[in-house]
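One structure is given here, and the rest of the page talks about it.
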Amino acid sequence: MSDPRLSELALDGLWKNNPALVQVLGLCPLLAISNTTVNALGLAIATLVTLVVSNGVVSLIRDWVRSEVRLPVYVMVIASVVTIIELVMNAHFHSLYNTLGIFIPLIVTNCIIIARAEGFASRHGFGFSVFDGFVMGAGFGVVLIALGALREVIGFGTLLADAEQLFGPVALDWGIRVLPEQMTFMLALMPPGAFIGLALLVAFKQAIDQRQSRRARAARGARSGEPTAEVAG
Amino acid sequence: MPEARATVSEGLHGFHGGLLLDEHKAPACDRPVCDIPLVEEYVLPLHMHIGAPAIPVVAEGDRVRRGQLLARPDDFISAGIHAPTSGVILAIEPRALPHPGGLSAQSIVLKADGRDEACEPLDPWPDYHDKSPVEIRSRLREAGIVGLGGAVFPTAVKLATANPGGVETLVLNGAECEPYISCDDRLMQEEPLAILRGAQVILHAVSASRCLIGIEDNKPRAVAALQEAIDRLAAEEGEARFEIKVVPTIYPAGGEKQLIRTLTGIEIPRGRHLTDYQMLCLNVGTAASSWRAVVDGRALTERIVTVAGGGVHASQNLRVRIGTPVAKVIEAAGGYTPGVDRLLMGGPMMGFALHEDEVPVVKATNCLLALRPVDREPPPTPQPCIRCSRCSEACPADLLPQQLYWYARAQQFDRSHDYHLFDCIECGVCSAVCPSHIPLVQYFRHAKTEIWSQEREKVKAEHARRRFEFHNERIERQKAEREAALAKKRAAIQAAQEKKAKQAAAGESEAASADGEKEKSAAGMSIEAARARAKARKAQAQDPAKAQDRRQASPELGDDAGPSGTPPEGDAPDDRPQDDRPGGAS
Amino acid sequence: MWMAILLAVGLAILFGILLGLAAQFFRVEGNPLVDQLDELLPQTQCGQCGYPGCRPYAEAMAKGEADINRCPPGGESAIRNLSDLLDVEFKPLDDDLEVQEVKKLAIIDEEVCIGCTKCIQACPVDAILGAAKQMHTVIEDECTGCELCVEPCPVDCIDMVPVDEGVEAYRFPMPESAHPVATRGPASPKGTLANA
Amino acid sequence: MTEYILILISTILVNNFVLVKFLGLCPFLGVSNKVETAVGMSLATTFVLTLSAIASYVTHAWLLEPLGLGYLRTIMFIVVIAVVVNFTEMMVRKTSPLLHNVLGIYLPLITTNCAVLGVALLNVQEANSFVESALYGFGASVGFSMVLILFSALRERLAAADVPAAFAGVPIALVTAGLMALGFMGFAGMVSV
Amino acid sequence: MKFPVQTSPHVEATSSVSDLMTTVLWALVPGTVVAVWLLGWGVLFNVMLAVGAAWLAEALMLWLRARPFRPALTDRSVLITGWILALCLPNLAPWWLPVVGAVFAVVVAKQLYGGIGYNLFNPAMVGYVVLLVSFPEAMTRWGAPIDGGAASLSLTQAAQWTFLGVLPAATGFDALSQATPLDQWRMLVTHGGEIRGVAASVWQGGGWSLWLNLAFLAGGAWMFYRGAIRWHIPVAMIAGVLLMSGLLWGIDPARFAGPMFHLLAGGVIFGALFVATDPVSASTTPRGRLVFGFGIGVLAVLIRSFGNYPDGVAFAILLMNLAVPLIDYYTQPPVFGRKPGHATESVTQSRGES
Amino acid sequence: MKGLELRRVVITSVILAVFFGLGVGFVAYTQQKTADQIELNRQAVLLGQIMEVLSGEDYNNNPAEDAFILPNPEALNLGAPVIEPAPDGVLPDRVAGEALDRAFSAGQVGFRARHDGEVTAVAIPVVTHRGYSGDIRLLIGVDTEGEIQGVRVIQQRETPGLGDKIKADKTDWILGFSGRSLGDPPAESWAVRKDGGRFDQFTGATVSPRAVVGAVKEALIYVERHRPELFGRAAEASREGEEHE
């Protein structure tokens, strides 16, 4: 397979083929862990690291594994990476580790990771694979953090509260109050709020895309002189 | 005459749902049927019945006389067409049809000469009792008799399906449940004997033992007239097979299955024929015209048409020759009133709107309804279904129109099947009661025709696939053969020739292996080349300037195709799968 | 630590043997999905989808490489059926393909035809009859309207004409409604088959 | 006995895997466009989840715990589950093409789905016994199947709705899932397991 | 002559959606009047705020979606949504509570699905449940009925409380408020006590819930008479409530409240007549409606008896809304000619033999 | 079957074994490196919780390591035991690590704070079933005088936004118990205001505070009643504590 362009890869991971918004993968952690920005950040970083490392490792070993054991080996690689991350987090970010709970080991089954390992890293070189892991992880992470921020602001009225869990004592006063406590909408913190919050993000992206393609069509139409039907949203 | 009602018979069974409608039968049902004058031109679509279009037996310029066969039935399910008057065949060409889609189709155009000469009638059979059912059926077929109740199904075929199991009960459908229409009513009032005689013919043809006549209770005069005729027959001939059943006026009491259910309590499921239950159902008009065809030998060239609605001056029933342009019929009924903006063929519930009035009256035309805006409220804009279930409560087929609508709208046709779309009789009741004013029936028609079309496409696709595979195989085989032949030649024939042949073959196989993918046959190559060219042309077509030099470019593009050693394609058809077109709406 | 590695290696060997044997014992060939997909394509073999014929397109879809909205002759209903089979969202025909409104049929102008047989070679379903140097005709019932024969003709004598499908093939239109059907609206986000 | 029933009620309704615990969401969203596929997926998931709950219990209780290798559970579970599923898939494909037609295409999808690993890990966390573990897995998958089928039927009904363009497709499905979760909040507190 | 065409049937429309909705609106009046009388002006403010907010939210969404205002705003369904939501809210609710609920109901539960007819869930109940889980404090501001409670606030006092959060000097909030009977029952169960006493309190306290329920019944009768609702859902739902609560009560009368208590307390009657009958989100087949209503009744009692929330009717309705497509599918009435046990079979058989 | 290809099977297994071994090796290595830190963290968490309720007290042992099985746990509504106590009610040795965590969250163990081996306070769990939804678990620190050092909610499922204000991270309400004892306020005032007591309730939520107040009161009574077992056996317990080391 020919090597892709880095800029295209980046655009793909962050926007066009965003794992969370477009492929709609990795939803479980996305919804479960996005009740605060800091939790989201923590999981985003863990996922990103896993993606980068597993993509890199898979790309390195891709010539050594036969097709029938490919999947087990990849799963194994990912599981090892995740377990190592889990242990490290347990040791060094203990309170975050406790809040993320079961969703750290569950990074293993985050479909994005196996999808990238299978779909990308097993066919591309180390550098590309690592880069792909990075942008995909970043694409996922950005959405995770955005959702976390959204839910935290609406549900708690704060932003970046408890940052010290992740960044240590320096971050003790990072948290800010955005909304007064009386104006918070607790639904955002509950399961329905998670679903609806993600729905809003995906809809937001779709709206932008639709707007762009409408523009593009209008531009094309203008060039060929055809009248274009305005599409009502 | 809405005040007077006939007494509803005892022991009826009724059906689910239905609708009470304003009847609007007067004044047409109070006025005698009139004839209308000859017109100059008659248009006879070859396809005005269910089944295959008829095949013309006359040519342009032929002189014909009234009753003469113009087109013969093509298939088993088909019906003949006869000249409504004497004249000259002007043309056989596509003409506008009375059709909801405003389509055109091949029609025979007859220029009347005004003399209205009759041709020799078919052999009259006053004592048809000697004739076998087969003979009677072939007579009905010859005379072009089709059901006049709306479905225009060839009556001979209907009788033929009846024969294997035999028929016990003949049901004459005189319900005429739609508002405005009164052609059957008038027929029953004016010619009760013709109907009864016709029924006798059919009773004989299917050896049935009784005949029920279902009439809605809003036609007391028809009931009285028929009863009198029955009594007379009973007195004169001891005829005791007839019985009138007066049914309540609930639309669609005249639907065949609804009528049967009302009369007998039996529900005929879809996919079953009445004849599976030893029954047969005919419209009263069909019975009358059958009588004329068998006993008098007269073909079906005219029918009674109700012209009604606020859009015409004189609502009345007219005896109209098939093929008469609708405009002339309206004229005969006094012409349009000002403000008319809709012309329907059929009743307000099941009829469809005509695009124009130049279309001819066909055998199915029981009513021409001209409406003004004041005759109905302006159609409110449809709103989304609120699932109030009024439609399902009213549906005479016990369907769930709201669900059907939903899935038709979403184009989830397999779900439409789950909800029994094809049991819908398109009676329009659901649309009429819908508080959201959704044109439900239209959705169902859309879904049905869409499904049929998909089925046709599927059969076609299957056919094309077989052809394509066959094509590939053939090319493969020929290539192999040619190579074998070339190899032989190579040994025997001169070096020069050999070289030439080699080049050709080599060129081809090289190309074939170039892509390295499987099954890249010569066929594949040529098709792909064609594809590439088609693409190029498409690209050019978008750029008119380039399209200019397309002609010069193409021959060169085409030159690399293999030598024209392909044998004539005429050999192929033996292997070609038989043409199996799917049946359409039948 | 060595305990862990020992356990891992032991299990791995066990599983390796299990899977290795199973892979050989339970081997099955073929991919029924391709057949099912192929069934749903119109078999026009026109190549507009970008694949050389319908089956290759079906194969590509089965592999998750091609989107379901690339076949213009199949139109909306084919896309709908494909989306049903693969359980992905319906999406309208790809923007860069042209929708085919009417079915067409090739007609050879018999006056002009020089009998070069080039069209015969191009036709994927053998719908053209004729021998070298003789006038050719298209068998109407066989022609799928793929237009592949048009271009090769050196004298440009093949025209594509709309098919008259007869009254029985009339399709009632979907009622015009104040409320457009959402699924026909702008494309929903692209979901590849791989994540179906 | 009551305890077992409570486990089932808890996993199916109160702590529904999809709507409350947020596990198995990818297939929940991905395989719910049509009722038929949802039914297939449900059957397959029920099978795999129960099986993997058992397999992972065995792995944990008989292998990892005695050896003091509890920290390896993620790796071991995922591998054992992958192997078990893979093996069953191959076997089913060979022995019963019919069953494979119903379940087959979903089986590989399920291996990489949180619910499966989640069941295994949660069983360890809750220190469930063998029977409890199996029931937990079964209950979780029944809960999953139930909401999946309900959801797919709802989504079919959505197909004709006039959803705003930006919300067409995934977003409105997510909103629907959210409102489902809202309804399921009514079960909160029913069982304290 | 050419004519414009239109599809059949070509008969006059007999009814319209707005007629239907108007019937429901009128049917809500008696219950609302009684509620204002019993529970004070707060109820009226709730209705006005919720209806107004719902209407504005609908208008705004229609504008955003570039849809015509005409049929959607005049069909009056959105007024029902707001009104029904308002009748579920506590009489001492702050002003923003009905507003937030109505906006959420209309925007998320209705307009995101495409507006009237397309929503899968009952918008009013979505709004109510969202408020319940998000603002439990505000949602428990129930003032005691008539004697000495919230109803004794004058119009201005009530307005001051609703809009400004200010109470007359002498009255504390705790003096006005009182747990609802369902809540009292729950507390008794958790703290041990006589259930019988609570059941009686429903009848005492001026028998207020009885009057309210009678008023709703009157409205329901009007809707039934006008054909806006069918009997299936209310009857089945009440049967579900009575059966399920009777069952539990029979098992342990000390722990579970009796059927009459369940029937009269909380929103059972109101829900059965006005909410569960929302045609859009309910089942549409006759048998389906029986299943739907019965399910709501059973679930409501279960949630009341075992769940965290004192009243389960709203949750039960949402939960059964979920199941509607499946219920509809499996409760299709037998199609013409396919009725089981119908005489056709025997005829077919005799035909097959001949 | 076209003959078994054993070679393939072997290769498959070997590949799997190599990668599996390598992966697990790395993990095991990491585990070794992090194990101590993880154990420290775990203890720190436990200790943190205990220290919160022992805030005012002066002690110099590690209470987290000074766990003991509560005598007569029924009095505190505690559920079924997760660990079997040794016959004399002494904590079995192996209860450490995760098992201790479990015993703690099940509310089966208490902790002692000592100053130079002398027990100065205990942190004991209490459970109430009177919460609005489900049980509320509390940890209460009481010193030898019977004065409350601190109360914290360990586990609760009260309605978010209403009953959950009993949690320290939502409101300061629960801090109001510090310094109180059975006599302060007098026994009849150990109730929420609505019931004529001294403690505030929340608007719209009386049940949860009422439950907590009741539970704290019960715990104090319990401490009073079991004073000897809780504080008296100081010497014995300290000996065990040393054995743990």
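Order of writing sets the labels: A, B, C, D, E and F. Residues in every chain begin at 1.
Keep this in mind: a residue touches a chain if its C-beta (ideal position, glycine included) is under 8 Å from a C-beta of that chain, and two chains touch if they have at least 3 such contacts.
Being a predicted model, the structure only gives us computed values, none of them experimental.
Compared with subunit D, the chain whose C-alpha mean position is the greatest distance off is B.
The chain pair with more C-beta contacts between its two chains, of E-F and C-D, is C-D. The chain with its C-alpha centre at the largest distance from the centre of subunit C is F. In this assembly, the C-alpha centroid of subunit A lies 35 Å from the C-alpha centroid of subunit C. Averaged C-alpha coordinates put the centre of subunit D at 33 Å from the centre of subunit F.
Once the centre of each chain is set as its mean CA position, subunit B and subunit D turn out to be 53 Å apart. Shown for subunit C are the residues that touch two or more other chains, namely 4, 7-8, 11, 15-16, 19-20, 23, 25, 27, 84, 175, 178-183, 185-186, 188-189, 191, 195. Under the contact definition stated at the top, the residues of subunit F that touch 2 or more other chains are 12, 15-16, 19-20, 23-24, 27-28, 31, 133-134, 157, 160-161.
Contact with two or more other chains is made by residues 24-25, 68-69, 72, 76, 79-80, 83, 87, 111, 186, 190, 192, 196, 202, 206, 210, 231-233 of subunit A. Per the touch definition, subunit C reaches subunit B in the complex via residues 38-39, 41-47, 52-54, 76-77, 80, 84, 116-118, 120-132, 134, 141-142, 144, 147-154, 156, 166-175, 177-179, 181, 183. Residue ranges of subunit E in contact with subunit F, taken from their complex: 133-138, 140-141, 173-174, 177, 187, 190-191, 308. On the side of subunit A, the complex with subunit F involves touching residues 61, 64-66, 68-69, 72-73, 76-77, 79-80, 83-84, 87-88, 90-92, 94-95, 98, 186, 189-190. Looking at the complex, you find that subunit E touches subunit A at residues 64-67, 100, 108, 130, 133-135. Taken in their complex, subunit A has these residues touching subunit D: 24-28, 31-32, 71-72, 75-76, 79-80, 82-83, 86-87, 102, 105-106, 108-111, 114, 190-196, 198-200, 202-204, 206-207, 210, 231, 233.
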